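The data blocks that follow each hold one structure.
Both of the next two complexes hold chain A, though its partner changes from chain B to chain C.
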Partner chain A sequence: MASRDIHGIDAPWGAFRHVGRDLRKVDGLAKATGAAMYTDDIALPGMLHAKTLRSPHAHARIRSIDAADALRLAGVHAVITGEHLPVTYGILPWTQDETALAVGKVRFVGEPVAAVAAVDEDAANAALKLIRVEYEPLHAYLDPFESLARHDPPIHEGRKDGNVSKHVHLAFGDVDAALAEADVVIEDDYVFHGTTHAAIEPHCAVGHYGADGVLTVWSSTQITHYVHRALARVLDVPAHRIRVIQPCLGGAFGGKSDPFSLEFVVAKLAMTTGRPVKMLYTREEVFYTHRGRHPMHMRYRTGATREGRLVGVDATIVIDGGAYSSYGLVTTYYAGQLLTGPYAFATYRFDSTRAFTNKPPCGPKRGHGSVQPRFAFEVQLDELASTLEIDPIEIRRRNLLGEHTTTVNGQRITSNGFARCLDVVEHASNWKTRHGQLPFGRGMGVAGSMYISGTNYPIYPNPMPQAAVQLKIDRSGLVTVFTGANDIGQGSNSIAQYLVAEELGLALDQVRVVSADTDLCPVDLGAYSSRETFMVGNALIDACRKVRPLVVRAVADHWQVDPSRVRFVDGVVVELDDPPLQPAGVAVGGEARPGASPPDAAAGRRWMTAAEAFQLAEARFDTLGATGAYNTPTLGGDYRGGTIGAAPAYSFTAHVVEVSVDVETGRITCEKVWIAHDCGRALNPMLVAGQMEGSAYMGVAEALMEAHGVNRFGLHAGPSLLDYRIPTTVDTPELAALIVESLDPEGPYGAKEAGEGPLHPAIPAISNAVFDAVGIRLKHLPFTPGKVLAALRARKDAAAGTPAPALAGGAR
Partner chain B sequence: MKAFAYVNATNEKDALAALVPERGKAVPIAGGQDLLSLMKDYILTPERVVNVKGLPTTIAVPVGPSADYAVVGAATRLADLAAHEAFRKAFPAIAEAAAEVGTPQIRNVGTVGGNLCQRPRCWYFRNEEFRCLKKGGARCFAVEGENQFHAIFGDAPCHIVHPSSLAVPLIAHEARIKVVGPSGEREVPAAEFFVMPDRKMYGENVLEPNELVTEVRIPIRPGVKSATYEVRYKQSHDWPIAFATAALTMTGDTVRSSRIVMGAVAPVPWRAEAAEKALAGKRVTEAVAMGAADAAVAEAKPMSGNGYKVQVVRTAVTRAILKAAGLLKA
Partner chain C sequence: MHLKVNGDVHDVDAPDHWTLLEVLRYRLGLTGSKQGCDKGDCGACTVLVDGEPMISCLILAREAEGREIVTIEGLWPLHLARGGEGPDPVQDAFDRYGALQCGFCQSGMILSARALLDRTPSPTDEEIARALSGNLCRCTGYTQILQAVQSIVARARGVEPPRRSWEAANVGRQAGER
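The block that comes next holds the complex of A and B.
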């Protein structure tokens, strides 16, 4: 089956022409000049604007909703509530526990309760104030331990396990015996607070219901296909009468990978009113919509031999899930399943429990489910190193997992450049002469990580390809790529252009990409799990390799030469010597363009433009096109949940971070981050470096500033970009992106992911650097001045031999 | 945001005529950096917004033996104040504070008057859902809620910290604030301009709804050395966790008298008279500065989650004194 073909790592025409170059993104100029069309730029004739009424209670029964006054307000066209959209949905088929608007009860402050469509936003807002909702407040669970300890009343009725959203317990080998025999065991608690995505573009959707009965929804989503399916289910409209389009998107980071209330609401309101309807969330609504990184309370025990060899890891994790399941089932697995590299340990056990709480639902954020445990484990590993007096980089080297192997939980590892990542950051940061040797207050820390490059888990089980593309070969010389992939700024449309131009020997401007439109594009599962480049890339190569032989044959027959003497280079087809003296890429050189004479023409060799070649092939074989597909091989451990976390390839990252700590104010300044990342092959090094820098930046931000949570009243602590602190350029450390290429045997030309993995090590590396700087271990995120001062005080008191009193007034 | 009428007042007289005595009905707008966010969050829903960017934008720093005070117009942009060379030389603490407000964009539109009159950043006050004391409610949510950025001094029923960066160095420099209203103009010492919540809950200063700040007057005292030291969570686009200004009247390297004022620690800028006493007659050294800082925080009463601010402001006071005296190591 073509979707499982392995295409190899080599250049299709001898030497790469586009791959490996710092090329512009296809939409770079449109974004920079403001010409790009985002969802909110869509304005349709007669369009209405919709707003959402949200719950002021964290947990309450809805006794009644009276919208009569709102409906009477001038300019209001429709009001809908949960009774109009009662069908449940959820990203995972096993946990469909959400409704577009609350039905019967509300489970967090900010939950959508009703929606109004009106001639403008002001009228819609005025109407919201006229909707009378009678609530019966219930006990609000704001702490996951409380919601696990009691569940009367439960957050979700009718569940046999109370407020438990998901529980996973997996053991590999005899951990207890291994830890009992270990020379040293480190045991501690770690807390990861919650953070959110804070994408610049707020969620937006536009619904249109045509006279032909076709429902079109434009949405700022990263999962067009799943939104398509969910709309069909909730609206009870056949999927073939629904079209979902993702316009240009202003950042997602996992925050747009669920179906959201507004998509159903604009669709329903468009069908109800007969008018197009737009809804744009305010920033405050985005904070309540959330789906950000789960808070986790983690207890780790790690054992090692005297030489620093890991013998066992035992983890107990309590996850604060918020009010709904979202991806929580996967999160609960990922929290344990993704820790088993880049270090080998013979025994491993994890027990993770996701609890429902009455807070905005958590979901996937860049590095889904594994950033939190990675923080805990890498800090623990550092503690192990200092206890055993082993250099922190050296202890990591002593436990390398290696390449082409299997992890303790049964995951197949192919390429693995982690050892080189360690070498690269060690060298670049002058680690050997600086770690442990900087003046008090300044320090360096290291951490490593591993992340999935796509997953074999297709969200709803099905045997169809995970990624598919279609090519249209036009006699003008243009190739149009149709891909369901969601370009969310990571550059998947650009990668599609580079790969097709590379495979078919075209100039970049001969390839245009149409993406994320369910009417036009074959299904792709979406932008999550760092899967687009890997999977869509393979599907593109698959499609190109189906159509390329036809074009080559048409030209070869026309010239009456062997097909091996036909070479496509940058949109020009040239005849090679017989036998070819050297690869085409070298023989032709220069910037040959269609219509211009390539240098070889002067030597009397035959040539033609790609357009002429396409015309020859079209005359011979009829209309030209091809489909391509990708599916993962059979992967994963042979146990329940063994396929969750199984990826066709894994990326690896190491960071060294340098910090300075002001011991009189508790402020940590992150001075520099050296990021070495094994991305397999950098298809566009500039984009890879951008992802590495963006990831490290986000990790630093989560460690030092960002905090998403509700306050003691169930309301978001500060639903604004002032109170939710994101570093500006002034707070951003120097970032050194150091690309490591391991050339994965199954990635497109050897490529793996670069968008999520490079975030992980930043957070523990900062904690480890603070230890090097001032001798305190920070185990509770975020590392605020209050926490640093409290830890310094505790250390001072411990050194003085007195028990450590809590800092007056507590520490935050 | 609720729709409103816009009045473009080109001078002081027109501006005053457009304001009304009822609180919240008509509000002046200069840079709008605070007002617009209050309106977007429905904390303020004025019927009329009066543009006062036409108020004076002068920065006058007279020189010579008869120079008495500098004048800064209320509509002066923060960026202009920070960049004014003579002003910066005469009042480094004020210029430094102006240079750190918000972001470059905010300083390019934000004004001196606006900075002094901005409303608190307390997240309960800013959240439409909380009817706190300042919004006519019955309680301060910071008491049992999250309070890591709230007051550690004052013991007032409302625990906001005053958000103005300029207020603190202006008080340290004994500035006076000119206020005009329907019944004429008055001059208020900066130290008396800001009022505690127990005296006035619905505002943070002496202004009546139909009054305007038009200028700030700062006495010129050649012997005074001043500096502001801010400790920030985030270096830009944020308010300091705590900060302090030291204005030292020196003879040689000995302090004759001083003004030490702390910011972001109380509902009003908080003068540390105990620190001033501790400094009097002393040669500035690190130990002396730390002793003064200890005195400054001796009366602090932190809440459940903001104890760390005591240490933070203690450091800010120490470093502001050392910086003013030219002794702060980089």
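The block that comes next holds the complex of A and C.
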């Protein structure tokens, strides 16, 4: 099947013309001039505005809802509650535990209970105040350990395992024996607090229902296809009468990869009122909608030989899931499954349990499920290095997994540039002359990581392609690409333009991209798990290689030469040199544009424009177009859950960070991050660097500034962009993006992911750098001044009581 | 009320409590100014009021009467009217330097940068960072944004902009060619 073809890593026409260059994005100037349309920029004639009434209780039964007064208010067109949208949904087919508006009970503060459509937001807000809801408060579980210990009343009724959302236990080899024989074992607890995405665009959706029965929903989603399926299920409208469109999207980071209440609500209200309906979340509502990074409580035991070789890793993880499942089943697996590189584990075991709590639901955030264990393990590995008096980079080298191999949990590894990543950050940061040798209060730390480049299996099991595209080849010389892929700012539409221009030998402005519209575009599963470049890229190459031979043959036959002598370069078709050039003057080019002179590429050769070539081919073969697809090879370990964590390729990252620690105030400043990331071939290095820098910045912020938590009533601790602190220009460290290209045999021209992997090492590298700076090990996130001061005091007390052991680095 | 936006005077009917941002977006259809928080925290709604970058979600529209308002939509036409070619150099530099990822914060960011360069044609890197510190960006880590502005300053000084990390050290290539 073409969708499983491997297209190779080489340039289609000899040398790359577009790939590998710092090109502009297809939508850059539209965004820079304010012309780009985002969901909230849509205004339809007669459009109503909707608002949501939310629960003030973390856990309560709903006794009654009375909306009569609200409905009587001038300007109010409709009020709906859970009884109008009772069908459950959820991103995973196995855990459909959400409803658009609460049915029977509420499970977190901020859960949607009712929605109003009115002529404007002021009227809708006034109506919300008139809706009377009678609650019977229940015990609120705010701590995952408590909710695992007792479940009376349970958060979700009718489950046989109480408040357990998911439990996974997997073992590979005899970990106990390996740890018993290890020369050294480090054992400790690590805590990852919660963080959230904080994309600058709040969630927004617009619903339109036509008299013809077609429902259109514009939404700030990163998963158009899954929203399409969920709308059909919940609204009981056939999927072919639903159109979902993702306009320009203002950031997501995983926070827009579930179906959300507002998408169903605007659809239902549009169907109820016969008017278009818009809902825009306030910033506060975005914080309560959440789906951010899961808090994890992690115990790790790692054993090694005297030489620093890892013999066994044993992990026990408790995950605070919040009120609903979301992606939690996958998170629970990922917490263990994604740790098995870039280091070879001889034996490995993990036990992870996701608990429901009465808090905003957690979900996937950039580096889904694997950022937290990576933090714990890389800090533990650093402690192993200092205990064994081995350089932290050296201990990582001694445990390299290598390329074209299999991990301990049965995942296939293809390309692997991790060794190179270590070399690069070591060299760029002058590690050898600076680590362990900086003045007290200043230090350097290293960490590594691996991440999936797409998931091997779709969210709902099916044998159809994971990515599909369609090409329309026009006589004007324009190629239009239709792709269901979601460009969320990462540049997937731009990558589509570059690849099609490369494959068909066109100039960039000859390729335009239409994306994320379920009426126009073939299905793509969406922007999650770093899959777009890899999967859509392969689908694009597949499509181009179906249509290109037709155009080449039409030109070759026209010139009466062998097709191998026809070459496309930047929108011009030329005849190759060998056999020798035809005498000048026989060119057919220029017919479409009178007076045109042959471009440089065609000097002295027969040539024509791509438009002319398309016309020859259209006359010969009829209307030109092609579909292309990508599907993953069959991969994964041969055990239950062995397919979760399987990916067609993996990216690798190493960071070195430099920090300074103020021992008076306890404040850590991250001064610089050297980011080496193996993204396979960098299709556009500037965009790759943007992903690397953005990832590292987010990781640094999670370590030092950000905290998403609720108080003892389940109220968010600070649902604003002032209280939830994300870095500004002056808080962000210097970021050096160092691109490593391992050229993956199955990626498009060898490309892999760049959007999520480069976040992982930042957090443990900061902890490790703090150890180098002042000799304390920070194991509980976030690294606040209070924790730093407490650790410094503890270290001082320990030193006063007993002679401090000689530690490699930092104990100065 | 009468508002002068991008050179044109508009007669606008809006409730007294509406902010300048609401009037720009929902009355005048100038949706390039974005609402990220509606509390003055994110800076996505920054516009120029008499040449100064102001957070339009914290200004009542009535307060802006009689003042010159420039939004992101006005920048390119203004540049053309002054005899320039192509988009405003700040807009162009943001595109060329990869500073635009999701683009949601960028209209505010670009206007803050424009105001800085109008005031201080040759700012230091620190002055650039400070001038943009009221505009939150969640995508880029700011590096390419700062480089974009630095490139304009470098061009004005007649020097080459500093090379970026991946241009300066193409350290990782193992096989293949560009």
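Please note the rule applied: the second predicted complex is superposed on the first by the 775 of 812 C-alpha atoms of A that agree within 3 Å, B and C clash if a C-alpha of one lies under 4 Å from a C-alpha of the other, contacts with A are read in each partner's own complex, and residues count from 1 in each chain.
Basically, contacts are C-beta pairs under 8 Å (C-beta built on N, C-alpha and C of every residue); 3 or more make two chains touch, one makes a residue touch a chain.
Fair warning: this is a prediction, and the values are worked out from it, not measured in the lab.
K.L.:
Contact-wise, after the overlay, does A:41 reach chain B, chain C, both or neither (first, second, both, neither)?
P.N.:
Only chain C; A:41 stays clear of chain B.
K.L.:
Quick one: classify A:491 as touching chain B (first), chain C (second), both or neither.
P.N.:
After superposing on A, A:491 lies in contact with chain C but is clear of chain B.
K.L.:
Please indicate which partner A:676 is in contact with in the superposed arrangement: first for chain B, second for chain C, both, or neither.
P.N.:
second
K.L.:
Look at A:22 in the shared chain and tell me whether it touches chain B only, chain C only, both, or neither; answer first, second, both or neither.
P.N.:
So A:22 only meets chain C here.
K.L.:
What is the contact status of A:156 with respect to chain B (first) and chain C (second): first, second, both, or neither?
P.N.:
Neither: A:156 stays clear of chain B and chain C.
K.L.:
Going by the contact rule set out at the top, does A:777 touch chain B (first), chain C (second), both, or neither?
P.N.:
Neither: A:777 stays clear of chain B and chain C.
K.L.:
In the superposed arrangement, does A:4 touch chain B (first), chain C (second), both or neither?
P.N.:
After superposing on A, A:4 lies clear of both chain B and chain C.
K.L.:
Between chain B and chain C, point out the one touching more chain A residues.
P.N.:
Answer, by number of touched residues of chain A: C.
K.L.:
State whether A:545 touches chain B only (first), chain C only (second), both chains, or neither.
P.N.:
Neither partner.
K.L.:
Who does A:750 touch here: chain B (first), chain C (second), both, or neither?
P.N.:
Touch status of A:750: second partner only.
K.L.:
Does any part of chain A touch chain B in one structure and chain C in the other, and if so which residues?
P.N.:
Touching chain B in the first complex and chain C in the second, residues 122, 720, 722, 728-730 of chain A appear in both lists.
K.L.:
Help me check something: in the complex, which residues belonging to chain C touch chain A?
P.N.:
For chain C paired with chain A, touching residues are 15, 25-26, 29-39, 41-42, 44, 71-73, 75-76, 87, 91-92, 94-98, 100-107, 110, 128-130, 132-146, 164-167, 169-178.
K.L.:
Within their complex, state which residues of chain A touch chain C.
P.N.:
Per the touch definition, chain A meets chain C at residues 9-11, 15-16, 19-22, 24-25, 27-29, 31-38, 40-41, 43, 122, 197-202, 248-253, 280, 282-283, 417, 420-421, 424, 427-428, 488-491, 676, 678, 681-682, 685-690, 693-698, 720-722, 726, 728-730, 732, 735-743, 750.
K.L.:
How about chain B: which of its residues touch chain A in the complex?
P.N.:
On the chain B side, the touching residues are 3, 103, 121, 123, 126-127, 129-130, 141, 144-146, 148, 152, 231-238, 241, 302-308, 310-312, 315-316, 318.
K.L.:
Quick one: in the complex, what on chain A touches chain B?
P.N.:
56, 109, 122, 662, 664-667, 705, 711-713, 715, 717-720, 722-723, 725, 727-731, 784-786, 789-790, 807-812
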